[in-house]
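The two complexes that follow have chain A in common; it is paired with chain B in the first and with chain C in the second.
Coming up: the complex of A and B.
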């Protein structure tokens, strides 16, 4: 009974996603509709869309699971996810919109006038996007297996097909509607069961969970050579600076009508994310009340899905579980389609379109090429997810943030605010940041988690990779003043001048 | 102002004063200074960029201070770790709840301030003629 209700909920979410995607198909006419929804999305809609896209399975299931598992220190995680938008707001939101670029590689090339920087940025966008897609597919398998007993690949395949259809059908415009809707689905699906559980808990007397002292105490070391303060600080830095470098986040800024709207959108995003993140700690604490220790064979990631059945018996428990399963699937679908969208955009623009137009002798291939790119963007991480062994969702996601913080954060922040950024400096910073972050993660994957300081530094590389990348970019730029792009001044005029000032020559016509 | 009127006040069109009308001709030239990359344009833009950067860094500093300061407070005054408000321990209350409205207020203050900087800049160099506000 509970299984069939959950299947209905998951099916409903999938069908709605494809249906709304189809709606976008009828509205998409020009290439810019596909990429950036014709730049006519209002701040409210856009904020819902950004939040809907951003709240992945890691937020819907993972945050509650991690707080349940490790206690108060993991409350920093959703704080970091939210504050990333504050940093994005004050550092890049409006200038990024005013740059007039479609994608991160577009911005890199516009700012530095270098094809090499553009290519590097494109490779990084695809790398970060795929890195983030793999755990989404794995999470889909886990969630569907838990609520229905289906094999793990079924969930991943389902998400892959739905995402490829939605992206390929209507591009960004459809995705904007889908994402906006999914924020509200997710909030409802997480908050309603939480209220029911809270009310039941209060009625039964509201006892405190039987937990150890260290669960309540901030920065309690997990082991003798654990460094909780460093671990938390490095994670916060990765989340705060990494958010601006996530390709599926930044691509949304191009759908704002102007820089002022981009800022207002971000403020709304912070409100919507804050509202959402009030809920997961409720599951963590109530989870400890009803399940003082994890039953064998249960992952802490699934605590949200386990809880209603333990507390509410009969059909109402099944309904709550079905809601949560549907919400988790909405979370997976929205993040996966946002990521797939930006990877598709870059694959199409950088790698496929040039080749296809050479084949056909023109760009008659327009939409067909875009759809081909959508399939490639989804299929690669799907097979990687099938073949790599299960690395924890939080680990892979954290690595994606660290990589973004060590590469795109210096490029964007210095690119927007610093006139002396040179081409050589930008390339050096991107390469050093990418190599440092990647090798730290690979070392952890290959040799397993290590103890003491080496382990702490390698597992949370952002605290040293990011300053290293910033320092490299600045020092190399200062050493190579001749490779500062000649039109930097014009770019600065375009990035910082408000739209209502009439600039005939510096502005890109839209 | 008739005393019997009860509904919302009538809408009034607010028009620009003579002062800004006069500024428009002067500023038209300033906008083109910006566009033509003259030295004057450079100075104007640098002022705007620096003002925005200073504002952004101030927000980041406030955020960093709050984020870094909270663990320091917990370490220096251990009683704050176990203190409860309305039954919720302080670390949970701050990290699980209060931080979000605080971030939102900071973001709103930033947006207002940065829009003010841009408005002042636009008044100096002149706004686009075709578009309203």
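Coming up: the complex of A and C.
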């Protein structure tokens, strides 16, 4: 009974995503009530869309699971996820919008006028996108396995197929409305069961969770050679600076009509994310109340899905579980399709189209190339996810953020705020940051988690990779003043001048 | 796996391998360089310095370019200082002595400027009261672009040797060639700009006559409407005749299409039915300005003027990932594909309101794969569509 309800909820979410992605949400109006100005995406709608796309399986399942597992230190995690937007707001949101860049490689090219930097940025976008897709597939496997008992790869395969179909069908038309809707679905699906469970807990006397001292104590070491302060600081740095480098986040900023709207959007995003992140800690604490220790065969990542049937018996428990399963799948699909869309776009534009058109001697492939790119974009992380099952969702997400923080954060922040950034400096920073962060992630993926300082440094590489990349970029730029792009000053003026200021000299006065 | 694996050892081994690889690479580079003979190396370094200098000369003779290029020219000449002047004054001084010799540099070059021939000045002319100053002689050679002396290159040294005179002359000739190339580049940019300007906005005269005629018909019967229409007409012409950059946003362009349609509806009344399907995501996309309006005008004229009864025009803008697609569709009389082909090829200009023009501008800005796509047949209506990348280098709305 419970299984079938959850399956229905998951199926409903999947079918909706494919249908909306394929057919597109078409709005038609007659000329009489057609005003273009009123049709631009409002900052609030765009903020819902960004939040919908941003809140992934890691947020929905992983954060609650981690707090449940590791205690109050991990309350920093939702803070960090939200803080990333504050940095984005203050440092890059408006200038980025004014640059007219649609993707990170576009910005790299616009700022530095170099094809090499563009290529590097494209490779990194694909790498970060894949690294971030892996935990989505892992989460899908876990969620479906828990609610239906299917093997883990079924859920991952389901999400992979749905995403490939939705992206390949029509490039997710009218995606803003879909993603905005997804945010409210997720919030409802997570918040309603939380309130029900909270009410039941309060009625039953509101007993405190039976937890160990170290669960409550901030920065309590988990083992003798654990470094909790470093771990937390590095994670915060990765989340703060990594958000701006996530490919699917930046794309949404293009939809803002101007820089002011971009800032307003970000403010709303911070509010919406803050609202959402109030809920996962509730699940973690309630989990500790009702499940003092993890039942055998259950991972902490799935504690949210496990909880309702432990507390509420019968149909209402099944309904709550179905809601959470549906919400988790909405989270998975919206983030995964946004990421897959970005990765597909870059794969197609930078790598496949030039080769295909050379092969066919023209644009014979057309949209076929885009579909091929969509399949490639989904298949690679699917197989990676199959091979790193023992690594937690939040760890993989952490690596995606670390890689973004170590590569795009220096490029974007220095690109926007430092006029002496040179092409060689940017390339050096990207390469150093990427090599450092990737080797840390690969070591952990291949050899598994380690203890002591090497383990801490490798599992949370942002705290040393990011300063290293910044320093490399700055020093190499200072050493190569001749490779500073010549029109830097003009570009800087454009990035930092509000749109209302009229820079054009010759115009018929209004 | 982790159990049988000693991590610190692995890190040390990996680090050692990396260092070893780096060492081999560096040694290989060193050895490869070692095969060059001295002459080869001198040639190579001179050519390299010259290529560094030529990059700065791409903008022509400006103080900034002269200053950056001067450093490399000084390296090539091996003189004490190098001064570059244009016809009106000193552009840059590289090397010591600029504080007291800089003001004379333009005068030192005056003979070369008038004669166009290199001159050598000894210590009788290049006087200096500072005993430590190495500048006692000067060699000046003309910089010639387009068969005109546009500036001079002066090398200052303790003595004017024949070698220095010859080297300065040759170097000045090389700089002149670079300046000619820069001039060519600028000419090409100007030609492209002129072509773009020629391709710009061509509002059809028909539209002006028809709109004014329609407005005139309302002046007596419905003066407020006539006034409204006149204001729309004023806004439309202001947009169409504006002097800004060549790009605008799709939102701006669609707003103008809206004005155009209001004016056309004054003429056609209920015979003109318009629907718009616009994805809000693509409204900020930059497009060449007046890229959509001529297509709509074409659709209105072909969808309606030659047809009995009601005609529909559909304007669609959709999000295609990294591109936006804009389509104008009508259910009018259509035309033969051959005729459209002729219009797009520029063979025939008859009966097309700027279709060829829009096609040419799109291709010029975005490349040949982004031209107009026209689907039509006699009696089957016409569908004109084009794609624009959301980001293209150098494309931004003013």
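One rule holds for everything that comes next: the second predicted complex is superposed on the first by the 460 of 510 C-alpha atoms of A that agree within 3 Å, B and C clash if a C-alpha of one lies under 4 Å from a C-alpha of the other, contacts with A are read in each partner's own complex, and residues count from 1 in each chain.
We adopt the following convention: contacts are C-beta pairs under 8 Å (C-beta built on N, C-alpha and C of every residue); 3 or more make two chains touch, one makes a residue touch a chain.
These numbers were taken from a predicted model, which means no experiment stands behind them.
Touch criterion met: A:349 reaches chain C, while chain B stays clear of it. Once the two complexes are laid over each other on the shared chain, residue contacts for A:19 go to neither chain B nor chain C. Contacts of A:8 after superposition: neither chain B nor chain C is touched. By the touch criterion defined above, A:498 reaches chain B but does not reach chain C.
Contacts of A:450 after superposition on the shared chain: chain C is touched, whereas chain B is not. Once chain A of one complex is fitted onto chain A of the other, the partner contacts of A:176 are limited to chain C, with no touch recorded for chain B. By the touch criterion defined above, A:478 reaches neither chain B nor chain C. On chain A, the patch touched by chain B and the patch touched by chain C overlap at residues 503-504, 506. Within the complex formed with chain A, the residues of chain B that make contact are 31-32, 34-37, 41-42, 45, 48-49, 52-53, 55-57, 59-60, 63, 67, 71, 74-75, 81-82, 89, 91-92, 95-97, 99-101, 103-104, 106-108, 110-111, 114-115, 118-119, 121-122, 125-129, 131, 133.
Interface of chain A with chain C (complex): residues 24, 26-31, 34-37, 39-41, 100-103, 106, 109-110, 113, 171-176, 254-257, 341, 344-345, 348-349, 357, 363, 370, 447-448, 450, 454-455, 482, 486, 494, 503-504, 506-508. Listed in rising order, the residues of chain A touching chain B in the complex are 72, 75-76, 79, 82-83, 85-87, 89-91, 94, 216-219, 229, 232, 236, 260, 263-264, 266-267, 270-271, 273-275, 277-278, 281, 417, 489-490, 492-493, 496-498, 500-506.
Residues 1-2, 5, 7-8, 10-11, 52, 55, 59, 68, 238, 241-245, 251, 254-255, 258, 261-262, 265, 274-281, 283-284, 286, 318-322, 369, 390-391, 393, 395-398 of chain C are the ones touching chain A in the complex.
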